[in-house]
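Shared between the two complexes below is chain A, which has chain B as its partner in the first and chain C in the second.
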Partner chain A sequence: MKKEDTVKLISSDGFEFVVDKEAAMVSQTIRNMLTSPGSFAEREHGQVTFPEISSTILEKICQYFYWHLEFASGKDREFPIEPELTLELMMAANYLHT
Partner chain B sequence: MNFRVASDPEYFDKNWNILKHAIREIFKCNDNARHLSFGELHRHAYYMVLHNFGEKLYSKLVATMTSHVKEIAKSVEASEGSSFLEELNTKWNDYYKALEIIRDILMYMDRTYIPSTKNKPVYELGLNLWRENVIYSNQIRNRLSNTLLEFVFKERAGEDVNRELIRNVTKMLIDLGPSVYEQVFETPFLQVLAESYKAESHKYIEFV
Partner chain C sequence: MKRKDQTCLVDLCVEKAIDNVKYLGDVSHVDHHMLERILPHCTLEQLMHIEKSTQGMDLSPITDKLWKKFFEKQFGINCTNEVVKKMKEKRVSFTWLQLYEAKVKKVAQTENEAVDRLAQRYKEEDARKQSRQIKTCTKLPPSKRRF
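Let's turn to the complex of A and B:
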């Protein structure tokens, strides 16, 4: 995995998730951050901080990114969501446009 | 994610000032935007819309963009002679790039606030402002038409002209809408062309 092809997502509590750009760009918000014509800090450093998303939620989101890619290529697997995460996940999904 | 309730009466102004400052930096199109964080700007805009400040945000955006476009119009109007087209083209390229960035930052507003109103999305708003304030400015519209025609006829007369520049400017007119291209370039062009062919054909007829 080359460094240019990945992006580091940082949760509010400081956990770092390194994922493929392709996966992260399942989120329209992250896609805009990484592709917008301006030379923003995120693009320069290849990392995005989410001061309002906890590591538990961000981990789930990263799993979802990969699940989404697999689903798009025809692999239909179950995506388990713990009931206690739903509300926060939904708010994060709204924010990330996922 | 936590919902911070915006009970602070200065909430909007504080956040808007951050965005306004950033938008100005983006319009300057220099490297200053490098220290800006897309995520932070997007987050400010996101929470403003979430807290029902969509309308206020939109009207402030319109005001900021309008004043910027008017400044551009002035500087294009003031450009002298042959630098006119170049000035217009450079300013357009910078403006277009900035517009794309602003649209991306305010994507949440475009997605949730705009569809429930009659307002135009950011991108369209930007093109409209440019058309009304720059292209249709009294001191620009005719001058632009004439300069383009001049270039075309210069080239026909065998002079070297900057084709790239003409291509870029006519492309801008098309981007602004087919009617803009027609009014500013196509119609006057066909008119002048018809006259020049008429004159030329008369010359041949007299020859015979």
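Let's turn to the complex of A and C:
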């Protein structure tokens, strides 16, 4: 995997998740950060920090990105969401336009 | 198969939250537009629990219409209209949660008074029966003496 094809997502508690750019761009917010014109730090360094998203939630979101890509390519299986994470995940998803 | 627009994570979470609405408590950190989608699926008890658990955020813009529905269901449309009329006449305004709670309290109070009245009547009736009971007398009539 080439470095330029990946992006590093950093949670509020400092965990780093390296994911495919294609997967990360499932999020409209991340897509905008990485593609908007100008030299935004996110675009230059290929990393985005989320000071309000914990590692537990960010991990789940990364799983969702890949689930979404699989789903779009025709693989129909349910995306599991733990009840205790629901509200926090919903807020993060809302922020990420996912 | 689900349509593509149904795979949005926010929607999946909203669905999950609706399925698990009984576990919801403090929702003060959740956006209004998402609560608008979730809270109408609550029962009266669940909504009451959420209201009491959510301090520091006024849920009435979302829940007022829900409480009006509960009020109407429990106390009837006539009573609801009467409340609306009274509020207009007196030019006061309360949330339907406040009105619901006040009504429940009033009904409970009326019930208690009725129970007390009934208990009092039973007591009085018992006392009346008691007073009419045949009592054995221990006093003996004076013996007839022969002179």
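Everything that follows uses one rule, which is that the second predicted complex is superposed on the first by the 98 of 98 C-alpha atoms of A that agree within 3 Å, B and C clash if a C-alpha of one lies under 4 Å from a C-alpha of the other, contacts with A are read in each partner's own complex, and residues count from 1 in each chain.
Rule of thumb we're sticking to: contacts are C-beta pairs under 8 Å (C-beta built on N, C-alpha and C of every residue); 3 or more make two chains touch, one makes a residue touch a chain.
Computed from a predicted model, the values in this text were never measured in an experiment.
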**Study point:** Fit or clash between chain C and chain B when superposed on chain A
**Key:** fit
Exercise for review: Please indicate which partner A:T29 is in contact with in the superposed arrangement: first for chain B, second for chain C, both, or neither.
Suggested key: first
Check your understanding: When the two structures are overlaid on chain A, which partner does A:I10 contact: first (chain B), second (chain C), both, or neither?
Key -> neither
Review point. A:F79 contacts which: chain B (first), chain C (second), both, neither?
Key: second
Exercise for review: Tell me which partner A:L69 touches in the superposition: chain B (first), chain C (second), both or neither.
Suggested key: neither
**Study point:** chain B versus chain C as contact partner of A:E52, first or second or both or neither
**Key:** first
Review point. Between chain B (first) and chain C (second), which does A:M91 come into contact with in this model arrangement: first, second, both, or neither?
Key: both
Check your understanding: Quick one: chain B or chain C, who's touching more of chain A?
Key -> B
Practice item. May I ask you to decide whether A:I61 touches chain B, chain C, both, or neither, giving the answer as first, second, both or neither? Key: second
Exercise for review: Give one of first, second, both or neither to describe whether A:V18 is in contact with chain B, with chain C, with both, or with none.
Suggested key: neither
Practice item. In degrees, to the nearest 10, note the angle that opens at the C-alpha centre of chain A toward the centres of chain B and chain C. Key: 100
Practice item. Superposed on chain A, how close does chain B come to chain C by Cα atoms? Whole Å, please. Key: 5
Study note, to complete from the structure: The shared contact residues of chain A with chain B and chain C are 91
Point to revise | Residues of chain A touching chain C in the complex | key: 61, 64, 68, 71-72, 76, 79, 81, 83-84, 86-87, 89-91, 93-94, 96, 98
Practice item. Sort out for me which residues of chain C touch chain A in the complex. Key: 1-2, 4, 7-10, 12-14, 16-17, 19-20, 23-24, 27, 29-31, 34
Check your understanding: In their complex, what parts of chain A are in touch with chain B?
Key -> 28-29, 32-33, 36-44, 48-53, 57, 88, 91-92, 95, 97
Review point. What does chain B use to touch chain A in their complex?
Key: 1-3, 26, 31, 33-39, 42-43, 46, 97, 100-101, 104-105, 107-108, 111
